[in-house]
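Shared between the two complexes below is chain A, which pairs with chain B and chain C, respectively.
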Partner chain A sequence: MQKLRSQNGLMGWLMVSPLAVVLLIFLVLPIIMIAVVSFWRATEFSIIPAFELENYTFLFSSPVTYTVFLNTFKYALLTWMFTCVIGFTVAYYLAFHIRTLTWQVALFLLCTIPFWTSNIIRMISWIPFLGRNGIANSTLISWGVIDEPLDWLLFSDFSVVLAFVHLYTLFMVVPIFNTMMRIDKSLIEAARDGGANGAQILWNVIIPLTKPGIMIGTIFVVTLVMGDFFTVRIMSGSQSANVGRLISNDIALLQYPSASATAIVLLLTVLLVIGILLRFVDIRKEL
Partner chain B sequence: MEPRPRSFYVLTAFFALFLLFLYGPTLTIAVLSFQGPGGGLTFPMRGVSLYWFHDLFEQQAVGDIWGSFRRSLVLGMMVMVTTVVVSVMGGLAFRKKFPGANILFYLIITSLVIPSILISLGVGLMFSQAGIAVHWATSGFGSQLTWTLPFGLLIMFAVFNRFDKSYEEAARDQGATSWQTLRHVVLPIIAPSLIGVALFGFTLSYDEFARTLLTSGSKNTLPLEIYGMTTNVTSPVLYALGTLTTVFSLLIIGIFLCVALWTTRRKAKAGSDAGKGML
Partner chain C sequence: MTRYTKRNGLSRRTLLKTGIATAATALAAPMVWAQSNIVLRQAGTGVSAFNEIAAKAFDDLGITLEMTALDSDAVTQRVATQPNSFDIADIEYWICKKVWPTGNLQAMDTSRIANYDKIAGTFLSGKLTPESNIAQGTAPHTVGFTSGANGTDFVQEQSGWMTLIPTIYNADTLGIRPDLIGRPITNWSELLNPEFKGKASILDISSIGIMDMAMVVESMGEYTYPDKGNMTREEIDLTLAIFTEAKKNGQFRAFWKSFDESVNLMASGEVVIQSMWSPAIAAVRSQGIPCVYQPLEEGYRSWGGGMGLAAGLDGAKLDAAYEYINWYLSGWAGGFLMRQGYYSAVPETSKDFMSDDEWGFWFEGKASQGDIVSPQGTIMEGAGAVRDGGSFYDRMGAVACWNSVMDENQYMVRKWNEFVAA
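Take a look at the complex of A and B:
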């Protein structure tokens, strides 16, 4: 028996070894590399191995850092709120109002197809929509709602959050739909027999049972928004910044040590958030 | 059937708006890519023409679009095949306990949630310090795998969580070896999901650029080319390119979905007729 188990273990390791190798070389080592370089020194042309805390002291003493981190959290929170409400509503509609599985699958696929197309193209698509002479402004003017074109539609926090919601709502829909499909319909029947109305069923039965799905969606959305560096650049017209942009700006200036220090702080922040969220859900059980 | 409640109609309207929100902008640039030669980045349309598509085929107008498209295609295939094979092996391994399974599981989750720019930066630094030149087929390939493999594995975990082990036991009772069980029982049953994994592998790689940004070397992939264009190209040629790659993506998705539908149908047809009666 002992031998069989160790054989199983060996077999298992053989099977996962390609996975382990990829993750070791392209995930673990790069993180270690970044951690090491974050203590290095940069000159104008090169980076020099060293052990100094200057990159971190500079990072934490600069007021820009705090504004940028605050901005990042703001985008994450706003995006989370909208994607959560929209994602929940869409998933609820698909799971409880569509009656045949074929239609459920078809409509679900319709929601997922954009996910498999290019993010940058989907982002750029908003520009003719939101610009000063864009569709939104000209429509509103022709309806007489506004006299002057609105300037805050494009290249503003509004357009950044809009693009995030557009790109990432799907990450809410899928896990929430997945958990909703597993809710035993007889529980809802029982609630109705017990005299609960629609709102009570939603609040006391469906939402508590959907929480794991919401949590998984939240993990996706929050990490994607916090780690982003290009949506903010394109959609804010380089007018606002988040942590990702701070890092990519440093990279563009070849300031790798300071980019690394910011990256490490960002990674720790993201992992902290995930750690908190994982306390509420056991991912492996929910798959 | 009981009549639809009023909430159904409200939610249907909401869902329709959601779809409009998802597809509307892309449709807009599809229309705008047919701008006349004098047209700009937004409405009104100044005539209808294929001018901007034509422009794409002229090398000097924009960078090396076709070269980057070929590279993206090859890279997408490489990532797709690797993702399918590694995910299936990983999924099978995770069904049994092996030492370190938990650590590996958390590494997979980390790979999924880590900000993409860290992979780009870390792999780029690692290669440059080791004195190896970054190249899309080596460092770019590996970096993309850190994004596609977690998706593939999560799908495999979901598949095996629902897998009925009695099929395997039945095969084993009939004297099948473990390889025969895998080849003739397990793989055919999970085949439709593998098509899903392949679809994720290809499309996520084909559109990926955050993790490829610092790891692809001097030769760009298509998303990197487009990313570069967003800052300096201000003509509808950008829309023409966007429309073309979106159409290409949709074609790929369509092919995958048809294959998935076909295998599911075939599986249903070849299924058992137990319990259906003699007549």
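Take a look at the complex of A and C:
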């Protein structure tokens, strides 16, 4: 008996080891490497192993860092707000207003169709649409809504957030839809029997029960937006910066240590944000 | 990354072609390398890494060129740190200023360069014609010569030992949409003219963008730089402060980083005035949209590239490299590059490889007689067109500054990041 138990333990270890090895090699080691390099020194041509805090002191003493981190949070917050409202509405409609499972699945698949194309193409196609002489402006002018083309439609914070919302709303729809489908319909009936109106049911029954889905979607959206650099560069016409662009600028100039330091700070920031989010909802308990 | 490889005996057709080419050029070229399988690895910035040139070099000389195109930062690093990874470095002159002192490139004996005397004066004395002024910045002749075969310094006279053989160069200025501006533009300062609020753009590549900015600041009369190509910290602050204010006032529609972005901004009418490169102007025009590479009173910002030999190159490979360079300067390659709107180091040898009309249009600044066709076969201009800026001597004679690397480069880059984030 004793022998069997120890063998079980061994089997258990063996069974998790492939995953552990993969994570170790492809996740943990690279991050350790980045952390190590962030303390190195760089000249114009080479990087020199060292243990210096220069990269971090420069990062924290530069006003650019704070502007850029603030900007990154701004994009993350705005994108989260819009994707959350749109994602919740779409999921709610699919889960509670569509009656048959076939139609639910069909409409859900319909939502995913735009995601069959590259997200770079989906993003860049906004540029001719929103441009000064683009479809949006010429339509509004022909309707007589505006006299002059609206310049803020493109190469602005508006276009950046619009592109993010367009790219990432599905990441909200999927987990919210998933949790909503698990809600026992009899709970809603019970609430209605107890005299609750539609708004009360939504606020007191459905939202609390979909919190884990909202939280998973939030984690997706926040991490994707905070790690992005390409969308911000293209949609702002290179005129605003987020942390990702700071890192990519450093890499272009071969300043790998300084890029690593920024990456580590970004990683810690994102982990902190997710840590705070998880305080609100225990995802594992409610899944 | 583009890479061109053409090996001997890959196909029967290649063999046949080589055979014919060998027979045809046996009299003209002193040596043909086809039998010895010489391969030269050329690493460069990609501006001049054309497959057509590699193919023609193979046909004429039997030398296989493996071309690797990298961005300028990567090629700088490679020349400085991996000297065995290339045979020929195809770099810009400001990169040469950075990497020559490492000793990873070897000096070229000018007595082995057949057309040395015919190389444009810009690269020898700094003066295109005896009356020309020497431009600011990293002018090619200031980093073009070294003291001896093993020199790691730069000398200001023609010492007989060259660092780089010039290959390709041009004079850059602002591109404009004449149809949307509707009045003549004659000064760099127009880039910050409030009239073009929200319709201007500048390139987001710090080392080049800062030079365009300096041209604008001088033209506005805000400041006259002792040397635009080597600013002090105060001068960098001053320059970027002027542009940061303009950015906050909404002067710029966008910044561009890649060639196609600059084409799209101009073609869509988002931008009517911006820093631009010559082939981008051609791309806008080929869409039937009027676009002018506007010559300006203050002159051009110029750039130039050249080929350097790796320090480790010797024996037959070194001979082949000289052979290739002599071939490069002998005219065909120059004609090919001039048909793209660039200039070649020895312009006169290219005349035999271009039609009279092409030579008149690209070099002499004359009106074209018929269609002007690019080497790839697209029609660039119809009859009666005149090149913006005129002749070679009008354009290259009016260079105000060269692309440069400053002593305060790292400071400048940090300030540039602040400008983008502002």
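Keep this in mind: the second predicted complex is superposed on the first by the 261 of 287 C-alpha atoms of A that agree within 3 Å, B and C clash if a C-alpha of one lies under 4 Å from a C-alpha of the other, contacts with A are read in each partner's own complex, and residues count from 1 in each chain.
Following the convention adopted for this analysis, contacts are C-beta pairs under 8 Å (C-beta built on N, C-alpha and C of every residue); 3 or more make two chains touch, one makes a residue touch a chain.
This one's a predicted model, so the numbers in the text were calculated from it and none came from an experiment.
Once the two complexes are laid over each other on the shared chain, residue contacts for A:L246 go to chain C alone; chain B is not touched. Once chain A of one complex is fitted onto chain A of the other, the partner contacts of A:T57 are absent, as it touches neither chain B nor chain C. In the superposed pair of complexes, A:V68 makes contact with chain C only, with no contact to chain B. Residue contacts after overlaying the shared chain place A:T139 against neither chain B nor chain C.
By the touch criterion stated above, A:Q200 is placed in contact with neither chain B nor chain C. Once the two complexes are overlaid on chain A, the chain A residues touched by chain B in the first and by chain C in the second are 127-128, 131, 133-134. Only residues 8-9, 11-13, 15-16, 18-20, 22-23, 25-31, 33-34, 37, 86, 89-90, 92-94, 97, 99, 107, 109-111, 113-114, 116-122, 124-129, 131, 133-135, 138, 166, 169, 198, 219-220, 223, 226-230, 234, 244, 247-248, 251, 256, 259-260, 263, 266-267, 270-271, 274, 283-284, 287 of chain A touch chain B when the two sit together in their complex. Contact residues of chain C toward chain A in the complex are 71, 73-74, 76-77, 80-81, 98, 102, 198, 201, 204, 247, 252-257, 264-265, 268-270, 409-410, 413-414, 417-418, 420-422. Of all residues in chain A, those touching chain C in their complex are 44-46, 62-64, 67-68, 71, 127-128, 131-134, 151, 154-155, 233, 236-241, 245-246, 249, 252-254.
Within the complex formed with chain A, the residues of chain B that make contact are 1, 4-5, 7-8, 11-12, 14-15, 18-19, 21-26, 28-29, 32, 41-43, 85-86, 89-90, 92-94, 96-101, 104-105, 107-119, 121-123, 125-126, 129, 142-143, 145-146, 149, 153-154, 157-158, 161, 199-200, 203-204, 206-207, 209-210, 214, 223, 226-227, 230, 238-239, 242, 245-246, 249-250, 252-253, 257.
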